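Working notes for the structure below.
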Amino acid sequence: MIRSTSLPLIVTLVTFVIAYALCASAYPAMLSSRVVANLLTDNAFLGIAAVGMTFVILSGGIDLSVGSVIAFTGVFLAVVLRDTSLHPLAAFALVLALTAGFGAAMGAVIHFLEMPAFIVTLAGMFLARGAAYVLSVDSVPITHEFCDWLQDIYWKAPSGGRFRLAGGVMVAVFLGAILVAHRTRFGQNVYAIGGGARTARLMGVPLARTTIGIYAISGGLSGLAGIVFALYTSAGYSLAAVGVELDAIAAVVIGGTLLTGGSGFVAGTFFGILIMGLIQTYIVFDGTLSSWWTKIVIGALLFTFILLQKGLTWATTIRRRPAAGSPTPS
Amino acid sequence: MTDPVRPVLQARGITKFFPGAIALADVDLTLMPGEVHALLGENGAGKSTLIKCLTGAYSRDGGTIRLDGRPIDPGSTEDSQRLGIGTVYQEVNLLPNLTVAENLFLGRQPRRWGLISRRRMAAEAEALLAGYGLKIDVREPLAAYSVAVQQVVAIARAAEMSGRVLILDEPTASLDAGEVELVFSVIRRLRARGLAIVFITHFLDQVFAICDRATVLRNGHVVGSRDLADATPRDIVHLMLGRQLETEMRLSHGGAAGPVLAEIEDLGRRGTLAPFSLSIREGEVIGLAGLLGAGRTETASLIFGAIQADQGRIRLGGRDLALRGPRDAIAAGIALCPEDRKADGIIGDLSVRENIILALQARQGWARPLSRGRAEEIAQGYLRALDIRAASLDMPIRLLSGGNQQKALLARWLATEPRLLILDEPTRGIDVGAHAEILHLIETLRAGGMALIVASSEMEELAAAASRVLVLRDRVQVAELEGRAITSENIVRAIADEEREVA
Amino acid sequence: MALSHAPLRRLAPQLVILAAVLLLNLAVFPDFFRVEFQNGRLFGGIIDVLNRGAPTAILAIGMTLVIGTRGIDLSVGAVMAIAGACAAKIVTDGHGWGTALAGALLAGGLCGIWNGVLVAWLRIQPIVATLVLMVAGRGIAQLVTEGTILTFLNEGLIRLGSGTILGLPVPVAIWIALGAAMAWGVRRSALGLLIESIGINAAAARLAGINARGLLVCVYLVSGLCAALAGVIVAADIKGADANNAGLWMELDAILAVVIGGNSLLGGRFSIIASLLGALIIQSVNSAILLSGMPPEFNLVIKAVLILAILVIQSPRIGHWIYILRASGGDPAPGRAPRGGAHAKETAR
């Protein structure tokens, strides 16, 4: 039996499979492990950021600061590695703490000052981007043997595709997030707040702790995405990753999460990322299609999924199950 | 603890003041273990204020509460829950997006190695609900189930988490007969476990079906406490209505009706209201009686076009109306004062003046604004005519008292000079003075030739004002009373008809 | 119509903040208030603020109405790009500037109607509904310009961005005229009242016979038209349409302007004038940072901090604290906490 809640997830999955099948029928080369590996590597930072965004959106909020935090992380790492003798691992830890703390601060402002998440994270977006500028206006190259070593870690599939560390980190983040979302009290509280903050509070959900935690996770994962992105581009640039928050939101929605909060799956976001990556790959393969079609197709996909969710919400509230204690047919 | 003679909860001398009014005066309430205790009273009698004082949602201004003999002073609903007092409201206070199991265990999920064991949670939830006679798939979201099932889940959660006292605030208000029985079976099981249960309802037959004792409030005072085994429904009704029943006032005598204004034929909507027919004359007040959820509001909404009918037709003044929404109804000369003043009536942040002219302005369209002077004139006129007490016409309407808000809403509709005015619970939650004024106003309007439909749960109000009364039960029109036959007793009998045969 | 001091009280916080920021400008640049008349055009720091703030101000006009209905329009930046692209495309195809402006407005209007239909008919949350166009809009703009920066030399169109009327830069004249007309129009007609009714209580507004759907579409249409106008001005200013960067993040500035204007994101009571002051405050902050000679890299940080400070001062919770502070000594606050938004407005007065 298909549960109504998992229907959006299934639709996303089916969309992905159909899209992949269409791509593969046009360009059989897209089936190669090389393409798959690149799909994972190229979208790793976006995927990691989208995980954080999924939590935020599940709780009914939004985080506009993601792209800026990614840029800040890159510049911070580059500058620290250039100007100090800090080991990259220590720098990673430092920047993760910073970004998670930044997210937590935004969460605290949202909760305690009762300000809309939209506005607070908008200010956060300016702040993080601005901090990146302050650190360096120019692109700073990252050259550290440890970083090069990290970049060179890959698992070569028999058919030639190189699965790099970045993709692995993304997959690990997704797996961890799935566990957190569905198997911890914190995760359940996120869904509860998304279903209705007032009711959640009446049911004993610690609003302050959870809200701060949600934005800390989003900030921290943006930081991690920033690390991956910095290693991927081997540089930190304050103008990088502009608008990534928008892509992340799009991936979350295409992944079947309700933008109003309370319903959706982390796993859906994974396939949302893959679908968006697939569109880009297809356009690259095609060669004649212009890059702007990506945006238009993603916009159209967004629209379709929003309509679908609207239809589903409508259907579940209209067609309630018959009451009474009789066992439901299953 | 299980000593049968010792009360679980003892409230003594509970007193609560609201600005300018005493909401509760020296109220006592004693709950015994294994007892279902009905808390009865008309709207505004103080039931919900008492509940809020007991659960800490309001801070009381006087009195003591003892739970198992120990004095308690809950500061919030969470507090009282921890102490053992759980509450379930008419609107289900659970999260529709979570599954049934998640709702039951939110905040106390069974864990294994730090992770929630979903399998165990589902199994425990199933076992828990089975204990209440409910076999459902607990992995489905709560929204997938009917309100009755949601209500049972809410009761189960509250009972599991508190375990001493359970307060059920109109849990059956929006349920049908079969669903009510489901909730009752759950209540009986909880009673057998020794919980003290407070049951609030407007339905007398339900009181006699499930409750052991009843405490009746009127105007913030306890007017009596009865063992239901030796009381009749009539006794209770007398307690609730008190003196009003004996000196029943009679405002209209229904004789002066003019020509037929509106004819409604087989108007209905599947799943909302069974088709009904009605013809209304000018200068007539039609009462709509019935329990909450019987279809009063639905009837009003269908005639007003707020709910779209899927069959039947309305003729007004000899013209067929095709109502696609309230706008069409307003254009045709129909007005509706809705039941839920806050949600559907007032525009809280707008001024009293703006609220009064709103419907008139909406009908005129945005391009033809009422001048400031004209608006002032209209608003001032009604301020005087209806005796609306507002410090200024510029103050936001949300700052007015309930009665004055209601009168301002009436003014909004009178300003459109309607031919048919529908009033849904026009006196709910307003003070006695305003109550009488509004009844008087209804009579004045009727005498002026307006046709009115008044939906109300207060029998004596209908008896006083209506020239004819339609009685609804379970969304079907079951009786029509006319002239001398309209008395509270008769309305109650018509509403209770079926159930009364058993009693 | 009796002119009470109520409107002034409503605008006081914005006026005070604007004055403070302008004084800051004066402090870092003593010639800030000096206005000169050269070559038929006014020059000076203050004129610059008015001129540079034009796109945000024009967007803020439409955004105020949208937010008044409890909505939001995220697509205005993308619509600016589309409109700019359309205008550039039309003049490069050899048509006149009038046709270009009309074409751009038509495009913006269609975008607005699309948003309005999604919100009013399909009942999609505004933030979600307008996100679609925010994402796809830039792609559409690039489709029009075919991925290049379309430059043009049409004098008439360029004048919209850098010409003068009576010595005043054209963008300044446009936003002041449009702002005044709209502010006057919504209060002179019943539009303002009806929009606020929808924003405060949509269900009650509908039951009072307000054509909520029609009004919602209108409001998003106006927002689309404003965005188109701003897009044309920006394109005219740089003599080209840059589908990638035109209007980038302008929706955020516009929303900020509305919020700094003291309008609640939860809809209801709104003031277009206050939003315009909000737009000016944002631009004055930019100007102060620029004139102070601080390294430009500090711009965003300072802007973020200033905006945060302004918002925190206006936040409902701070308002509540001030309210309690004032009330302390008297009776403690009643058990039921009044609506937060109301406090923001009370402190804003």
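General observations
Letters are used for the chains, namely A, B and C, taken in the order the chains are written, and counting of residues starts over at 1 for each.
Going forward, a residue touches a chain if its C-beta (ideal position, glycine included) is under 8 Å from a C-beta of that chain, and two chains touch if they have at least 3 such contacts.
For clarity, every value in this text was computed on a predicted model and none was experimentally measured.
Set against the C-alpha centre of chain C, every other chain centre is closer than that of B. Per-pair counts of C-beta contacts peak for the chains A-C. Centre-to-centre separation of chain A and chain B, using mean CA positions: 46 Å. Between the Cα centres of chain A and chain C there is a gap of 30 Å. In chain B, no residue reaches two or more other chains under the touch definition. Remark: chain C residues 1-2, 188-191, 193-194, 196-197, 200-201, 203-211, 215, 268-269, 334-335, 339, 341-342, 345 touch chain B in the complex. Residues 3-5, 179, 182-185, 188-189, 191-192, 194-196, 199-200, 202-205, 262-263, 316-317, 320-328, 330 of chain A are the ones that touch chain B when the two sit in their complex. In the complex of the two chains, the chain C residues touching chain A come out as 72, 122-125, 127-129, 131-143, 146-147, 243, 248, 252, 255-256, 259, 265, 296-305, 307-308, 311-312, 315-318, 340. Here chain B touches chain C in the complex through residues 19, 57-59, 304, 306, 325-327, 330-331, 336, 338, 343-350, 354, 358-359, 361-370, 372, 396, 398, 412, going by the rule given at the top.
Interface of chain B with chain A (complex): residues 77-78, 81, 93-99, 102-103, 106-107, 109, 111, 114-116, 118, 133-137, 139-141, 143-149, 178-179, 182, 185.
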